[in-house]
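The two complexes that follow have chain A in common; it is paired with chain B in the first and with chain C in the second.
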Partner chain A sequence: MTTTLSPPRTEKPAPVRPPAPLRTELRRGLGPWSGAAVALTVLVTMYGKAPEWQGRWADVTNLLHVSAGLLCGPLALAAGCWQGGRDRRRRTTELWESVPRSPLRRLLVSVAPSALWPAAGLLLADAVCLLATWPYVSAGRPFLELLAADAVAVAALGALGHLVGRVVRWRLTAPLLGIVGYVALGLGAYTEGPARWLGPAGEHQFFWDGPVWWFGPVSMAWTAGLALAALLAYGLRPARLRVLALVPLAVAVAAAGLILRLPQDEGPWRPDPALSRQVCDDGTPQVCVTAVDEGLLPDVSAALAPLSARLKGVPGAPVRWVSGPGGPALPGDVELPDARRDSVRDRLARPDLYLSSAVAWLFSDTCRPGDGTGPDAERASIVNLAVQEWLAPTPDDYGPDTTGAQQYIDRLDARSPAEQRDYLTRYLAANTCRPDEVPIP
Partner chain B sequence: MRLPPQALYLRSRGLPGALAALLGMAGAAAWAARWMVSLPNFDHTARLPVVVLGPLLAAGVIGTSLHTPSDELDRTAVRAWWPRRLVHVLVPTALAVALLALALPGHAEEFGAPAAVRNTLGLMGMAAGAAALVGARLSWLPPTFYAGVVYLAAPAGADGGAGWWAWVMRPGPEGEAWAVAAASFAAGTTLYAWRGARRTTGEA
Partner chain C sequence: MNQPATVAVTGLTVRHRRTVALDALDLSLSPGIHGLLGPNGAGKTSLIRVLATVAAPASGRVELLGGDVGSHGERTGIRRRLGYLPQEFGYYPAFTVREFVAYVAWLKEVPADRAGAAVERAVERVGLTDRIDARMKTLSGGMVRRAGIAQAIVNEPELLLLDEPTAGLDPEQRVDFRALLRELGTEATVVVSTHLVEDVAAACTDVALIESGVLAFRGTTAELAALGGESADSDDSTTNAIERGYTAALRAHRDRRTGGPAGRRVKESQR
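What follows is the complex of A and B.
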């Protein structure tokens, strides 16, 4: 009896797919570190300035934009440049030439960590800062399209740095490119004229404006077009295909043309009436803030309450306290100091300080040169100080020394409420630029 | 013609190029400082970028010159290496300090020669330490990263211990900033002289 010997059937081992080259490139080398460095840079910078931006979308977007352009841009350039010189340092350039993949494909795979990691780090930091701002804002929206444009710009700078690192073989290229990039981006941010809106660090600090809708996408087309044109011009082979690089270049030039046609000073920013709308309380005098600061209104009203109580019904006293871009519009309006500047996370940090600066603004007559002189000048300035001090005592750790004015403050305190009102009426009617007009308590 | 061994050493580290880069850096710093002060609405305090970026570039130049292409061969030498390493850090640093001090005349109490000298020493210490820890060719990265972070994060005043952690941004005659910079220089130089640049493969 014969048995047929058949080979034992074994399961064919599942083919182990090697990890895709793109994944390996993204996970190894300087890429993740550069992403972490970018995120850390932005977060440390923003953390140190938290009271300045945690409260208005315009503030947080603007500061993120500046730190992306000024800090992450040069960092992406330098890191990309270092990554670009890797194959030369490893002496694997010729080995890569033997790989059955097109040069452009190899280029795009090796550029990916230089471009994507810094952009990812920036987006992470953006998300953290936006989430930290969210609970404290009152109106408006975050300018997400501008933040996306920043991420694209940082990625484009990383890709350009990578190309420079491939082409230039000098060990100082990377640090020098970073520093030159810093200087160039900084200068671009400070130049006047429409060219500053081409740079990724053009600053705009005005809380009641919004960008025109197309500015974000067009900025992206400008930076991404430049980087893509450079990549295609370097990586496309045979050489006749390099003409294709003109397509993204044309897109970039068209986008730059649109940006350069923006108005000279305000660029893409347009006033947004929904943000500068006045929101008022129902006290006397009325306290009004703009919609972006609506959350601060209760605090501002409370801070001004002692002053309002003294000024209520006095002829010549303010009818409305207003703040915002329009300034005092109606007769009887008096401008308030910017409450957001003195606030931390939607609360007034120092109500006493805010009150005393509001009083200082109330009595700040604009004098001409030659005013405020004469025999009574010194006494008048002490009386001015005394009235301000009586209405809103300056905190102990702040402001001028008030010991000289104490006698007038005591005299004001000693009077009856009717006499105090009478004195305030006379004081408000006087021109404090003329020392002889200032009444003595 | 037989070159003396010192000349061979200088050439193997690319020091002639590094010295040329230092001279170029000092010239650029002097020009930039004069130009920034001459701008309308700016006074001598506008030299802060030069006081930070000039020393940063000098530290990058000297730090990358610490790279040796024949590290393993060097380590077989019978002579002790630490005096050479020490001289290699100290002499170019002294040159950079002198050049930057000349490039920023006047206003020593703000951002003049003392601040530039302090920053050169402190950032150079960082670069030398980085050469020992991450390799000489990437030694510019930690000081660049540090200066980049501190540049925008530093407060205007010295509150919150800024004299300690933001020492590159402080005016010249501040004790805390000098202490940190001097400590950084001493530690970085010692570490490099003791260990040498980290041996790296193609990656770094």
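What follows is the complex of A and C.
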């Protein structure tokens, strides 16, 4: 320790500008680790499910949204809670109570790593996944406002966790809060009714829909308003100023009111005509997919080509294969299975499987209770299987055992093209729910 | 003491649940170095905490640097001119010394354009310049204590409150610290709460002895030493004299309360 009062100023370099407290808080401690943990959690989860989302903006947004709500939310709660208990663990509370800086400003600086790092980690993971999706999408846009709302929700959960950590003096509060948060967010996500759209993990599956324009900003107002109200109520001094916390609370309640008025099932999602419009090839029969799957159309057409060739000119055969929200709209339309489920990075991964599914959908009649019974039921079932196998052989590692149907498949193979068309005409005209109507090959 | 009082405490009572830590204490301190002595549990830390505006008194009036601590607006102004090293100094281990002292400078509302120089000067005064960019967790116990003193003086306080500041310092660091105290005491009111009589002997100009929440002795260091009387040992040091004075003052105070003989002797010598 030296006691030099006035060292020679000429030899002294200019003082280093000290880091701003916010920068120091963001650089040190748990913050960067929590951000990295959130980013890694999302990326590992998304990597394992890449074929499910790498092709449609709606799919990637939805899975990112669920990951953010169910995984990052509890993580942010727990990390924030641990950070919030820092002053108690480090015994700095005594010193901080003697300083003039207002408790609210101190709180806002110390809460920054709890809120900002998990949000930054999530946004980084979002950016990586969106970039990985970009080359393979056909139409639409990423729902950035929803991803921003997710980041705000995660930041809000981090801030709320921080406050819990400040208030509750128990070392196990952080992990327990993470577990409780996971259960609560999970239950919220699967709640029936509009309340589930208040939670940050509410799932939506329809890829030709888009959210109403105000849902993202209102969701942000809901979660951020709630967190800000809690921060103000905790940090404002003297106590009479705490009434100011009612302002963000009122904003949050108003936002929640708007969200609760959404329709129960579809919530904020509405069909987007630009995404759900049909895009067709010029083959016979035509193959039509929604605009979001336009990139898959050549592969779908190629996969269906053997089936189209066999059904060419057969009365009752499909005029158009269609997929999308409207389903079969015209006479002769037949619904196609979702091509995206069998695709990886904008390519049909298993055209044989897709063809097999299309044939199954073609012959799937909606039967009533009591249908499909009677003395001919077993035979009709085998014939149905034989026709499907003959039109689109199921890959070896998939589908039911076709040994029993092989005799009928052999008979169909042995017939002339004209006889085959004749049989298919009779088969397509029959009601397969009534076993006695199913023609034997 | 002709200088105006920077600390004026009147009828200060502090209670911890049913225990009375300070009992209607009156105390006034002017610029200089004031040792706050007393046995364990006497109420030293309770007094320091009230002076640091961390704890609120049960009753009494506390004026610091001309402002009333009870007023919210005045308290903020007082805190800007206050330095405090708690008995249990807490810090963030991941911060560097520069970051931590700068953080405290921000909390003490040191203007941003002066903060850089203020941080470096505070760290230099405690002899930690060569470790200024080291993480706090890499410092030894003595260095952490010095970092604690650096944060307390970063705003160049007019009232500096140090609770057991030499705990954890080795003998050489204590000598340096006392020199720093003497330097700080030329401009500010420094209150050092300690149970180490040698710290008081070496650095303090005045002593306040507290026992069981009341003021047992108030005077200069020389007056406290005089209370102990002459030693038969010719090699007796100043420290020993103050230790004797401390013991005598404490016993006299206890006797005053119980009506014993030592109390009468001290009263006569003070006359």
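Here is the rule we use: the second predicted complex is superposed on the first by the 428 of 441 C-alpha atoms of A that agree within 3 Å, B and C clash if a C-alpha of one lies under 4 Å from a C-alpha of the other, contacts with A are read in each partner's own complex, and residues count from 1 in each chain.
What we mean here is this: contacts are C-beta pairs under 8 Å (C-beta built on N, C-alpha and C of every residue); 3 or more make two chains touch, one makes a residue touch a chain.
Computed from a predicted model, the values in this text were never measured in an experiment.
Visitor: Tell me the contact category for A:P238 with respect to chain B and chain C: first, second, both or neither.
Guide: In the superposition, A:P238 contacts chain C only.
Visitor: A:R101 contacts which: chain B (first), chain C (second), both, neither?
Guide: second
Visitor: For A:G186, is the partner it touches chain B (first), chain C (second), both, or none of the two (neither)?
Guide: first
Visitor: Regarding the shared-chain residue A:P74, is it in contact with chain B (first), chain C (second), both, or neither?
Guide: First partner only.
Visitor: Quick check on the superposed pair: does A:G29 touch chain B, chain C, both, or neither? Answer first, second, both or neither.
Guide: both
Visitor: Given the touch rule stated above, what does A:P15 touch, chain B (first), chain C (second), both, or neither?
Guide: Touch status of A:P15: second partner only.
Visitor: First (chain B), second (chain C), both or neither: which does A:T92 touch?
Guide: both
Visitor: With both complexes superposed on chain A, which partner does A:A37 reach: first (chain B), second (chain C), both or neither?
Guide: first
Visitor: Using the superposition on chain A described above, determine whether A:S416 touches chain B (first), chain C (second), both, or neither.
Guide: Neither partner.
Visitor: Would you mind listing the overlap between the chain B footprint and the chain C footprint on chain A?
Guide: Shared contact residues on chain A (touching chain B in one complex, chain C in the other): 29, 86, 90-92.
Visitor: Taking the complex as given, what residues does chain A use to touch chain B?
Guide: 29, 37, 40-41, 44-45, 47-49, 66-67, 70-71, 74-75, 78, 82, 86, 89-92, 171-172, 174-176, 178-179, 182-183, 186
Visitor: Show which residues of chain B lie in contact with chain A when the two form their complex.
Guide: Against chain A, chain B makes touches at 14, 21, 49, 53, 56-57, 60-61, 64, 67, 137-138, 140-141, 144-145, 148-149, 151-155, 201-203.
Visitor: Under the definition above, what is the set of chain A residues touching chain C in their complex?
Guide: It is residues 1-5, 7, 15-21, 24, 28-29, 86-87, 90-101, 106, 237-238 of chain A that touch chain C.
Visitor: Can you name the residues of chain C that touch chain A in the complex?
Guide: 49, 52-54, 72, 76-77, 79-80, 82, 84, 86, 88-95, 98-99, 101-109, 115-117, 119-120, 124-127, 146, 151, 173, 176-177, 179-180, 183
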